[in-house]
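Both complexes below contain subunit A, partnered by subunit B and then by subunit C.
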Partner chain A sequence: MAAGHDNEMGTKGSTLEHYLKSPTLLILVFVVLGILVARIMGMSTLDTIMTVMYFMGIALSLNIIMGFAGYVSFGHAVFLGLGGYAYVLMVYFIKPLADLQNTGYGLGAFLVAVLAGLFAAAVAASVGAAVLRLRGAFFAIATIGLDFTALYLFKAVVPELNPEQFFGAQIILPADRIVEKDLVFNAMFLTLVILLAVNYYIRKSPFGVGLTAIKEDEDAAEVLGVPTTMYKIVAFTLAGFFTGMVGALFSLNGGGVDETLFNLGHSIDMIVMIVIGGLGTVLGPVIGSLIYFELYDLLLVHYPGVNLIILGVIVAIVVLFFPEGLIGLLRKYRVRGVRLRDVLE
Partner chain B sequence: MEEILVVDGVTKRFGGLVANNKVSFSMRRGEILGLIGPNGAGKTTLFNVITGVYRPDEGRVIFKGEDITGKPPHVITRKGIAKTHQIVKPFNDMTVLENAMVGALFGKRAHQITIGQAKEIARRSLELVGLADKADEFAVKLTLRQKKMLELARALSAEPELLLLDEVLAGLNPKEIEEALEIIKKVKVERDLSIIMIEHVMHAVMNIADRIVVLHFGWKIAEGTPEEVANNPEVITAYLGDPRYALRFVKRKGGGE
Partner chain C sequence: MDLSILAINLVNGLLWGIILGFAAVGLTLLWGVMKVVNLAQGEVILLGSYVAIILFTQYGLSPLVGGLAALLVGLVAGFLIYWALLHKLVGKVERITLKIEMSTLLAMFALSIALLNFYYYAFGSEPRGFGLWSIGVPYVRVLDTTIRTNILLADALALISVAIVYLFLDRTILGKSIRAVMQDAQAASLVGINPVKIKLLTTVIGIGLTVFSGFMVLLFEASVTPEIAHKYAPLSFVVVVLGGLGSVVGSLVAGIIIGLIYGFSKVVVSLFNPRISDPVALSTAFIVLILILLFRPEGIFGRKR
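And then the complex of A and B:
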């Protein structure tokens, strides 16, 4: 019996074997371990590591709709803001949730962030059904509209919620409502691992194949049987959910939230990281966010004042000459007969 | 014999333009039906109505006894109707094999097969149309003939019972047309298919089709065997123009077999 089982595994290739053969997965594991090692060995400050995870997190979230399905959401910061405000408002006003977020080595904060993510996801799902009918630039503009709508809504409503304590739309969490940064790290780390797994799973699943078909030619995809509307909404909702979670934990880490979380700059950060790394892959946003973070940091240190101008020029050069990004470029080549696309996807 | 498809009084308007006007016909399982007519006769529109891309203003489409009128395209594909596009629409950034896999993953057995099984189905389709050696190429690199065959392979991977071919021969040279016709005949037998083909390459469709439906300005003006249609005075004036020309097709059919 056992022998027969082994035999079957041998001929068809076991799942484990398949995953071990996938260098992408190994690279992803290395990245995750790298973050852990950097954290445990104290190679970087906790804030630096949190920023790296934040960048990687938002890039991987947007990747689900932009990288796989080809829908560039220019207003995706809206979900960052929705998640951030949802989290902060929940722990500010609801005592049990404030207590929960300090439990379980960060698991509590993770669970509250899931609630915040669900709020962002609900908005994404209901709005997605409408805006995902639009294509290309029109979709991008519609999501910007959504972002501004949410921004002005929060600016108007938040000050009314607690006029004595809130200064405009800014909320600073009181000392009994914040979470120790070690625990926030754990929650963010768990979120990032799940995000990587979800991205990887989508890339390898029929769902991912369908999304890629939508990116390539949506009409052809529909006629070939891809339920395009449903797939787009699911992808957009997932992207909204995870962006919301990252926004929640990012706000918790900063001890509060303000309306700058809705800034278009955050949307552009996400898009640029995906473009630098390469669309439609899992490694793209991971590598892209690391490069972007390093560049951002280097330029800020060495050329303060003009750092964003230089960054803008670099981004323009990438988009002009390497529109497929780093991974997109590499996957076209062979090294000693091995197609890099087999290795990098 | 069992009727696989019934088109019943289908009318489709675009503003003031009536692209299909009360078009009715039915086809038996295993038939090859030629759909011909001058440019703008409403042939592609009719395909789009059958596959659910357009919802007809009037009339019904019955597939295997079930009313599928107005169902979304992906649902109809899953029921067993596949289509190739007149203007080829390969997924350029995917390999040839991956293109065909999309057909398999979302076709008749959507959500029931694994990626691995889809790969096998796709490989067999590519073999049938002679693209097996191009499996790992990116679709963008194919020639027009190969892209047309990829459209066919993608449709076949959906494992359809009814295959709609929209000008699959257009733009091919005579030798390629011969090869393509052989492939179509072969897959029809091997996959037990019913086929409707829109075609402008007249001698080809007259050769391969069991029956022909002729559209003109949205109306069905004739239906019958290739001989009957080619001898139909209305068809000759409306479409073929010169009666002698029309007769030549029929003769070629006799000579070819």
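And then the complex of A and C:
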């Protein structure tokens, strides 16, 4: 894959053209416009659109480390929780930040969410340097351990911060500390657009090629001069940063936070969406999250109670029989002589 | 510090650690032989608990019969899991690469989603157990405290089971074949060991033991909810990593160490703030996990790989 990519860069001329001339970009723009149109025309409720954006956001965040570098982080919900708690605690205890979050059509909330994301990123960078030395299952287990460490520590510490007000680890934001949902939408939308751009850039850049090389064969990549350690840490930190931001805005939208944000269930969501869509692409998590949302909804409506059991079976079937996901499945076909591979990569 | 409180906590930690160690034996075998990390560990444990509970509450059978039934159901479940999920991914493969490892992780992950939600669907989230049933007298007095006899029964069963598994792996031809595949699958097949047969056998034994341990977990906890899966699965990973992949004795010792660390840190934290002692004590187990992974990834009983 890496070799074909270099070739493409060589023949297509200017670098800018390399980044801009791609059908994938067009599809991504359509997705973004779709969300905007759905919002402005009022085609679905604000809550539905927020849920879709939340799903897409966490899938695209984890995609940076799981899809491109092949490191499956089963405890990635830890960054969701860190971001959520960082945000809620900041606006709960720091008055200027609480004032800031209501300014600028949601830009204020976005900026506070960036701070929360930076907190998650700092944890990701410091822990990443250590746990990214591990490979495969050991890495997965280490991130699960990280998730549970954070869960139990927050469970212990949060009630002590304000024993009269906090019920366990749950924090409910008072009315003067929440932000109107329209503004939260704007902040989440901006985050999602940036996240899409970052994913797309990574897919097209030498950095992304390096990550793919790590996924294919890390030792070989190291020998060929890819700075594997640095690349992995940067990818993990970016993944932590954006997951933290999405967690922050998700909590703000819900008006508070509790320890369920650390649940492995959220890691399940992220991983399943990427697996359904297809690993190692930008469109994979986007399509995966849309399918996942629809599937989730359909199963919930038609098979309440057993919906998640069916979901587990579907995931098993995808893993066993379509390991490349939907994008991998489509990649093999041609439409009117055009290889779908070229469109979807 | 009151020494008797420390002693009581350490004894409780020891009793819990033995259960924890036994619960991880199946996991360590699967991981050691096939590099399959059973992410559905917690849910598979619960299978044993719920089998015993159903037989007790619906059919009025003694929990001891339920325990035996749990073992049998576990062996069948291992057979099914191998043929439904694992054979396609690792059955015919000689060298298990990272990619295959990831696929098995995801496959077991899918199993865990399905099983966990099946429990919520079938049994709800309220605690279930054997009620007031106990073997003999409900409590025995030890020093200044009382210990439930069910816990002693669970620990005795766990220790006996670990001994049997150890002897099986150490003395019998089949057990030796399993260890041979664990050490070098290619060399093992050169001397005539059928790897598919050994992988099937390992899955059956590994899952069987894990389901069986669910019975002990139930005896220890007195009642279970589906949520318990999320407590025992991560702790089992800690135990396996600490004990070393594939080491049965290592698993037991590591379980006891984690239990003692838990008991000890609980006492220490209680000195400062009793309300947060339990979550902080649990988090120490995971801090141990990350430290072990970083500084001695082969575990205390594992060989350098």
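Convention: the second predicted complex is superposed on the first by the 318 of 345 C-alpha atoms of A that agree within 3 Å, B and C clash if a C-alpha of one lies under 4 Å from a C-alpha of the other, contacts with A are read in each partner's own complex, and residues count from 1 in each chain.
The rule is simple: contacts are C-beta pairs under 8 Å (C-beta built on N, C-alpha and C of every residue); 3 or more make two chains touch, one makes a residue touch a chain.
Worth saying up front: this structure is predicted, and the values here are computed from it rather than measured.
By the touch criterion defined above, A:K155 reaches subunit C but does not reach subunit B.
In the superposed pair of complexes, A:G168 makes contact with neither subunit B nor subunit C.
Between subunit B and subunit C, it is C that contacts the larger number of residues in subunit A. Within the superposed three-chain model, A:G312 lies in touch with subunit C and out of touch with subunit B [touch as defined at top].
Of the two partner chains, subunit B is the only one touched by A:V209; subunit C is not.
Subunit A meets subunit C in the complex at residues 70, 72, 74, 130-131, 133-138, 140-142, 144-146, 148-149, 151-153, 155-157, 159-160, 263-264, 268, 271-272, 275, 305-309, 311-313, 315-316, 319-320, 323.
Residues 31, 35, 37, 39, 85, 88-89, 98-99, 101-103, 105-107, 109-118, 120-121, 230, 234, 237-238, 241, 273, 275-276, 279-280, 282-283, 286-287, 289-290, 293-294, 297 of subunit C touch subunit A in their complex. Those residues of subunit B that touch subunit A in the complex are listed here as 51, 53, 72-74, 77-78, 82-83, 85, 89-94, 98, 101-103, 105-107, 110-111, 115, 118, 136, 154-155, 158.
By the touch criterion given at the top, residues 204-206, 209-210, 212-213, 215-217, 219-229, 280, 339 of subunit A touch subunit B in their complex.
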